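What follows is chain A paired twice: with chain B in the first complex and chain C in the second.
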Partner chain A sequence: MSGGLRNQIGQLARRSVLRTLRQPAQIVPAIVFPMFLLAVNAGGLKDATNLPGFPTDSYLTFILAVPFVQGALFSVMNSGTDLARDIETGFLNRLALTPLRGAALLSGLLAGSLVLGLVQAVVYLTVGLIAGAELAAGAAGALVLVALSVTITVAFGTIGLFAALRFGSGEAVQGLFPVFFVFLFLSAMALPLDLLTTDWFHAIASVNPVTYLLEAIRSLLIEGWELDQLALGFAIAAAIGTIGMAAASSALKTRLVRT
Partner chain B sequence: MSNGSQRGGGIEVEALVREFKNGPRAVDGIDLEVAQGEIYGFLGPNGAGKSTTVLMLTTLLPPTAGSARVGGFDVVAEGPQVRATIGAALQEAALDPLLTGREHMRLQTALHGLGKSEREERGGELLERVGLDYAADRKVGGYSGGMKRRLDLALALAHRPRILFLDEPTTGLDIQSRTALWEEVSRLAAEDGVTVFLTTQYLEEADALANRVGIIDHGHLVAEGTPAELKAEIGRPTVEAVPREEGERERMRAVLGRFGEQAGSSPRGVAVRLEGGESQLAEVVRALDAEQIAIEHLQLHAPSLDDVFLAKTGRSLEGAGEPESGETEAVAPA
Partner chain C sequence: MSENRPADPRITDRVTVARAVAWRSIHNFLTNPAFLIPSLLFPLFFFVSFAGGLAAIGEVPGFDFPSGYTAFQFVFVLLQSAAFGGVFTGFAMARDFETGFGRRYMLAAGHRSGIVLGYSLAALFRAFVTWTVLTAVALVAGMEVAGSAGEIVALYLLAILVNVAATLWAAGVALRVRSIQGGPLMQFPTFLVLFLAPVYVPLDLLSGWIHTIASINPVTALLEAGRGFISGDPVVVGLAFAIGITLSLLFALWAKGGLRSAEAAG
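Take a look at the complex of A and B:
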């Protein structure tokens, strides 16, 4: 990576992080809402652990994987809304008049998602452990869990960037949020995949990438080091990020029609 | 196009056209030249094609046809070189409300490749120059409209451009902020030799600031010259009279009608463009006196750029605007 590109990414990353930290309205819901749902689910569905084949006797530990993915969904909104605002206000045109490279813009914008993802992951894990959840993979597992969570958050952030560049409006980006929530609900969110006995639900959940992201996180919480599940989780997050970044790059070329 | 100004600080435009899908030609074959160090006022109502022209000249919108060289570089084939040569403050100050003025300067100077120590120095210098050093560490969201415009100007100057594009820089500003910006723009051209291409819908702005003015309407350049030349071309001052008795207004209109065509006036008055120039003023007074029409108020107006616009387009610049749908499309392609 050239010094110029690194400098551009650094400057835009700094801006993205500053923007994120200066908008409590972005950070607070992304932390509080998943924690609230965690409390509701952990309290209301704890009898699910009595089902034969349920992998743990702590439903809190099982459901703790969900906030990490829920939190990542906020990244779609936050990264996308920020970029959409830049388009709407003309800030993107200001950037376009500098020697800025597209890769620097997109990478820099994702820095805000990265910081948000990091804060979220640390808070979710800390709250979960204080509430009595287990972490079978130990301290090293905590680091990997945070890394996986940040990777998922950044990967989802690329989808927000694509939506902003494609549609150019914050409202359109926000409209994606319920769609992504449907993906979450149609996954192995509340029960392990094996225990989803309704055929159509099982079929959808088994092809839903969110299921495997949840299973990768759960593997660290419940089982310890299940390398296959972890690798699959990281691979899916990387694939989402790669596809999202490619789509965002293409949309950026269309959006930035500078000669 | 001449080669003389290649790699210079001027602008040369030839038969420039921009068409939008399912829309009219926003810019329809304009030719113009701006010399280095000149302030060129691009005057026209909303929707005339001013902003579309600026977007093309700043490389943010490819022309449909024609050619343009900015600073000696072709806007289509040499976009990066054009961008390195120009600074631009486009319509509506595009600032991040969550960043401070100093952070904006830091970002802009860094993206233009200035070294770290130079960034701080240049940023501080420009903030001081536009009178924002006292607010440099405040978030821009709390700035007034005038402060935002001044910061916008400072950002456009971050990399010491030879050519500056200002798209309606004073729209919405109070007269004090407007005057301050005019002074800074004049200084840039006079002392630093910066070429300024300024779009405006304010007649007094073009009149006060521009060395030369181009008037654009419906995508066509309808007049070009110094403000003095353009007014001299029209050459007819306007006389406006207000009768002491309201009921005498029609008789006054008839008398004044002998001296020229009617012009816009105050609600109680009658105005005509004097076909014979200022020297007819005495005759006007004598004619009104002969008809025993008492005058409450009589005033001679020198020709204005609005008169020029009226003469060239048949409409007054005031209220001649149209929605700028095409220009919106230009900056936000789907």
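Take a look at the complex of A and C:
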């Protein structure tokens, strides 16, 4: 990477991080909402552990994987809304007049998602462990869990960038929120894949990538070191990020041509 | 002759205002996919996710609901969509006041309570549209309905009370805040009170802090009565309707206070 590109990314990353940290409206819901659902689900579905074949006797440990993915969904909104605001206010047009490279713009904007992902992962894990969840993979597993969570958050963040560049409106980006929740809801979110007894639901959850992101996180919490599941989780997150980045780059070119 | 007596102008005026406000709100709802689609999709997502994804919960030892887990979750999603139909209408009201349209309503309406009445009628319409789709999907998905026709009517009456109460709650917030930024204030308490009830399993199967909260949460009685209706085994009917009516009356006062606040703001 050339010094100029590194400098461009650094400047935009700094702006993105500061903008994220200065907006409690971005950080607070991304932390509070998943924690509330964690508490409700852990209390309300505790008896699910009595089902034959349930992998742990702690539903809290099982459901603790959900906030990590749910929190990542917020990064779609946050990264997308920030960029959409730049488009709406004309900031992107001004950047287009500079020698800034597209790769620097997109990478820099993702820095906010990265920091948000890090804060979220540390808070979720800390709260979960204090509440009594287990972490079978130990201290090293905590580091891998945080790394996986940040990777997932950044990957989803690229989709937010694409949406913002494609639609150019913060309202349109916000409108995507329910769409992404569908992926979470139609996954093995609340029960393991084997215990999804409704055939059509099992079929959808089996092909839903979110199921495997959840299973990768759960493997660290419940089983320890299941390298196959971990590798699959990282690979899916990387694939989402790569596709999202490619789509965002293409949309950026179109947007700059339009302007 | 009483039939020749002219109608009370205060009532006809209020009805005229309500009709106009309701018509505009319903028109916006039906013609704008950004409003219509989330209203229909959100309850369906919840229903599909809960009834499909959690079907195995019906096999947990001690879970005894004769109509099955689909019907068990249908009642929750029905009441939830009733509440959120009201909240979404509150969003529309807040948006109208933010853009200045609400102020024009206030200037034009002779009896301003007709404005709240109009939004309430629109919220009810939204809820009816959602319930029609939700019920059709639930029946296609094989939901067992053991309740009699009267019991099913009672279930929907309960949902209407929830819708009215939620609309008046959201209207009270919207009229005080007069900005869409008040959205979380309408939405979060509604979400909180709904999810701190026995959503996934009956109250008896809950334990710990969530059992304590659910035991005193008024939504629990509404859910239990609704689930009793659909399974043909009505329970806590009087309490549920008393709660529904009381909440509607309390939130009517709250909305009235909001109207005074909006009037005072000019």
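The rule is simple: the second predicted complex is superposed on the first by the 257 of 259 C-alpha atoms of A that agree within 3 Å, B and C clash if a C-alpha of one lies under 4 Å from a C-alpha of the other, contacts with A are read in each partner's own complex, and residues count from 1 in each chain.
Here is the rule we use: a contact is a pair of C-beta atoms (placed from the backbone, for glycine too) under 8 Å apart; a residue touches a chain by one contact, two chains touch by 3 or more.
Treat the numbers as computed from the prediction; the structure is a model and nothing was measured.
Of the two partner chains placed by superposition, only chain C is touched by A:L51; chain B is not.
In the superposition on chain A, A:L186 makes contact with chain C only, not with chain B. Shared-chain residue A:A140: touches no atom of chain B or chain C.
Once the two complexes are overlaid on the shared chain, A:A246 sits clear of chain B and of chain C alike. Overlap of the chain B and chain C contact sets on chain A: empty, with no shared residue.
The touching residues of chain A, when paired with chain B in their complex, are 4, 7-8, 11-12, 14-15, 18-19, 22-23, 86-87, 89-91, 93-100, 167-168, 254-255, 257-259. Per the touch definition, chain C reaches chain A in the complex via residues 34, 38, 41-42, 45-46, 48-49, 51-57, 59-63, 184, 192, 195-196, 198-201, 205-211. Interface residues of chain B, counted against chain A in their complex, comprise 58-62, 75-77, 79-80, 82-84, 86-88, 90-92, 94-96, 98-99, 103, 106-108, 110-113, 139, 155, 331-334.
Those residues of chain A whose C-beta lies close enough to touch chain C in the complex are 29, 36-37, 39-41, 43-48, 50-51, 171, 175, 178, 181-182, 185-186, 188-191, 195-198, 200-201, 205.
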